[in-house]
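Below is one structure, written out as structure tokens; the observations come after it.
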Amino acid sequence: MSAPALDTAAWASPWRRYSPGDKVLLSLGLVISALVLPPWPASGLVTAIALGLILGPGRVPPHLLLRAARGPAAFIVLGTVSIAITWRTSGFGPTVTSESLTAAASTLSHAVAGTSAVLLLAATTPMTDLLSWARRRGVPEAVVDVAGLTYRLLFVLLESVSAVRSAQTARLGYTSRRATLRSASGLAAATLTRAFDRARRLETGLAGRGFEGVMRTVGEQQSSSRSFELWTFASLALVVAVSLGVA
Amino acid sequence: MHIAEGYLPPLHAAAWTLAAAPFVVHGARCVVREVRERPESRLLLGAAGAFTFVLSAIKLPSVTGSSSHPTGTGLGAVLFRPPVMAMLGTIVLLFQALLLAHGGLTTLGANAFSMAIVGPWVGYGAYRACSAVGLSFWVGVFAALSLSDLATYVVTSVQLGLAHPDPTGGVLGSIGEFLGIFALTQIPLAVAEGLLGVLVFRILARIAPEELRSLGL
Amino acid sequence: MNTEVAGLTFAYTGGPPVLAGVDLKIPSGSRIAVLGANGSGKSTLLRCLSGALKPTSGRISVGGHELRHNRSGLRRHRHLLQLITQDPDDQLFSASVREDVSFGPVNQGLSEEEVRARCEEALDLLAATHLADRPTHQLSFGERKRVAIASAVAMRPAVLVLDEPTAGLDPAAGIEAVDALARLHEQGTTLVMATHDVDLALAWADEVVVLSRGVVRQGAPAELLDSDPVLEEARLRRPWVLAVAARLRALGVIEAESRPRDESSLLALLARE
Amino acid sequence: MNTEVAGLTFAYTGGPPVLAGVDLKIPSGSRIAVLGANGSGKSTLLRCLSGALKPTSGRISVGGHELRHNRSGLRRHRHLLQLITQDPDDQLFSASVREDVSFGPVNQGLSEEEVRARCEEALDLLAATHLADRPTHQLSFGERKRVAIASAVAMRPAVLVLDEPTAGLDPAAGIEAVDALARLHEQGTTLVMATHDVDLALAWADEVVVLSRGVVRQGAPAELLDSDPVLEEARLRRPWVLAVAARLRALGVIEAESRPRDESSLLALLARE
């Protein structure tokens, strides 16, 4: 697995300068509007606003957005198909009814809108910003520390997973089902021991830097922007007004 | 299988979040207590979280020939115990939602309930039950990993079925439908995950016996 | 078994080309050093050679077999060519050295007996027989590097591509690694070594390949590594033996035809005068 | 602030002594290279210096403050002396460069304003200011090494101990690292560098410390690294500049008093002749 596209996008986005809290408000506001309002036109509006902001002012490269959207797309398609198909009580085999199609279409539009709105937050806000925000909002220090270390170490481990896997592939480790299982277990065990080793070495490294039980740092300063918040409320109001008007 | 954002109606999303909350809060308390007693344990917990995240990038052999990935909830439960996994698993699910767009924010509660709570508890329960009736450690590991994988998928199917009842078959019909779709791929995958667990612990027993001991295994 | 690369280009999705038309001819049994600063595309070239990356265009062939990126094509290619990465821990994932070395041969579908023979042979070539029953995590860095090479050698590839085989080793372990490569060379294996060490490249290689901005120059070490434009473009420094020998030739201290390639041959020239 | 080590011995539980009576005098503001083959006890010495290991016996003091292994003693010692390990991932715990560099100063109890100033200064000294807003996981190995050094420098230690600061770097990144060390030296920081690279030690250090079998010899680089018994016992090779210069002096090509310490000074001597 290469570096997650959304993470790359988030660190490079000019929207990083906005406070994470502001972006959480916007993103969750859009998600909830899409969920509670009638799918048409709310979901369409939310999708348009979210994607427009990601690609416009958020300046996320389209190829990164496409790569990021591939994962949820598979689930959404599979899930939609299974709603669209229904089993007739009389007779056998799957069938499609107008009722099931409507249900599928409304779920599809909810999912697309909701996912786009979450992508807006994910593609413009690095995890470290969100974690510092969570710390300021009263999430327990210990939990934020563990999450921060998880975030740092997962890249260290991802790098080693992909290196070990490509070495196994080169030595024909994934050419049969048996070999694949053997390779996968070797890979998982090696990754786990490396994770322990990393933790131990980091512990010594941090002790040398004066770690005595508190993991405090001084990082980015992003204060919330009044105009960003105004724009957020305006867009949400627009979505609500238009949706209720049409309905 | 992570339920995507927007896939659950608001009431369902809220209900599953409420259902998951006590477990996650309990897990968070465990983490806070652990860290207060031994400040350096946050490094080990961070590494455990990173490992849980990365496990899903490991390929398993599957029937269809396409790649599948282990859920890892059973392995995590045996190694780190269900309460801690409730917290770590939720952190990992949040990361998967925001780094990979797998899952979502309003569906985080539902996903945590199936993957960070029910999966680990069923796996850990199976592991303890096996050792209680005198079965070998390896049977316990196999049962823990395969059953936690299956339990996770059963819960996910129930969550989806409740949210999207079939117009003719109702809730039960649609749960059956989702179970049917996933069973095809999930039963062989659960077996593969169980075997993977046995092989992983075989290797660990040789290269990391001290670590296993320190985890109480 | 000659290795040929023709018109190789590669770009990561959404990025500029990293390799822009690379041509190489690697004669059977030769020792080739690949030089280039970080970012020159060296790792990308190695990963294309090994089949881990699929080039955007161009051809790679070993012994006349062109590399095709399908299941059977990749499998054949991996019988012929093996890449050894810089960090040995990327290749050592089993509990014991013997298990690790046997991983490749077992996947090649060889009989148990044959697998054992291959392992013994590979460990012997790498002077690592005494390590066979040790757990991999107890080995020193230099020992792990030798075992990682043995793991690839056990598959009997015709071509061995090594990324920085001496990096991170203390001088004694570095000499052991170079000695092991000499045994593989004697045995007929084609060796391609990527390195930052211009002095080692000059002393060791039959030919050098200098990469910069996605294109390569291939030639004799003493010529290419003494050429100002080549060195400047690739951001390499001149091997000290060449710099010193040039001055000494100009001063008439050593003969005008003397082309020492390493410290010992330079010192020998100075002893003779 | 001089650093002194007297009668340092260390043994891991149940093992033979790794250090057997080490004495060192490190003058304030000097550059010391510590040399020794793998297994010579080099890492153990560095970890004793940093306070991570508690010696079996002997004393370590910085600026007259003797290191005591209790909470306040270790805290004071870490204000004075910082160790930078070989692998930067052992020290970088945060995905944000800026947060990581601020960790040490925050632990020192400085005000937020002062912490920010220290971070800017440290990043500037390491030529890493442009990395402050990038995530750790997007940095190259050489960049991560510079950030790890900056994280220690931000604590303004009087003594900086570095384990192999140039290992694994390509030549350009190696030069950047050495340049950064030169800025720290100018600023008055005492630098102790453990390295395998005898050529670098000769060119860079004011004094070298050669470790073998748990004991050290300390002296001038051009003398210690030119002594056959010292080199043999420590399994080190002679820096090539010394080997070549000795021959050239014998041949009368350079003056008998010439003691070049690196390639450029040797070439300068040859240009002058």
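Should a chain be cited, it is by its letter among A, B, C and D, assigned in written order, with residues numbered from 1 in that chain.
Simple rule for what comes next: a residue touches a chain if its C-beta (ideal position, glycine included) is under 8 Å from a C-beta of that chain, and two chains touch if they have at least 3 such contacts.
All of these numbers come straight from a predicted model, not from anything done at the bench.
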Most distant chain from subunit D, judged by the mean position of its C-alpha atoms: B
For subunit A paired with subunit C, centre-to-centre distance based on mean C-alpha positions, whole Å: 41
Chain centre separation (subunit B, subunit D; CA means) in Å: 46
Centroid distance [mean C-alpha coordinates] between subunit D and subunit C, Å: 31
Computed distance of Cα centres, subunit C from subunit B, in Å: 43
Two or more partner chains touched - positions in subunit A: 7, 127, 148-149, 151-152, 156, 186-187, 189, 193, 198, 202, 206, 211-212, 214-215
Multi-chain contact sites of subunit D, meaning residues that touch two or more partners: 93
Per-residue multi-chain contacts in subunit B, two or more chains: 43, 203, 207
Graph class of chain-chain contacts, one of line, ring, star, complete, other: other
Interchain contacts (touch definition) - all pairs: A-B, A-C, A-D, B-C, C-D
In the complex, subunit D residues that touch subunit A: 50-52, 71, 75, 78, 82-83, 85, 87, 89-96, 98-100, 102-108, 112, 115-116, 119, 133-138, 151-152, 155
Sites on subunit B touched by subunit A in the complex: 1-7, 9-10, 13, 28, 31-32, 34-36, 39-40, 42-51, 53-55, 57-61, 70, 75, 79, 87-88, 91-92, 94-95, 97-102, 104-106, 160, 164, 166-169, 173-174, 177-178, 181, 192, 195-196, 199-200, 202-204, 207-208, 211
Parts of subunit A lying in touch with subunit C, wherever the complex brings them together: 61, 63-64, 67, 160, 163-164, 166-173, 175-176, 179, 186-187, 189-190, 193-194
In the complex, subunit A residues that touch subunit B: 1, 4, 6-7, 27-28, 31-32, 34-36, 43, 68-69, 71-72, 75-76, 78-79, 82-83, 85-89, 97, 99-100, 103, 107, 110-115, 117-119, 121-122, 125, 127, 130, 140, 142-143, 145-154, 156-158, 161-162, 165, 174, 177-178, 180-182, 184-189, 191-193, 195-196, 198-200, 202-203, 206, 211-215
Complex contact set, residues of subunit C against subunit B: 94-96, 135-137
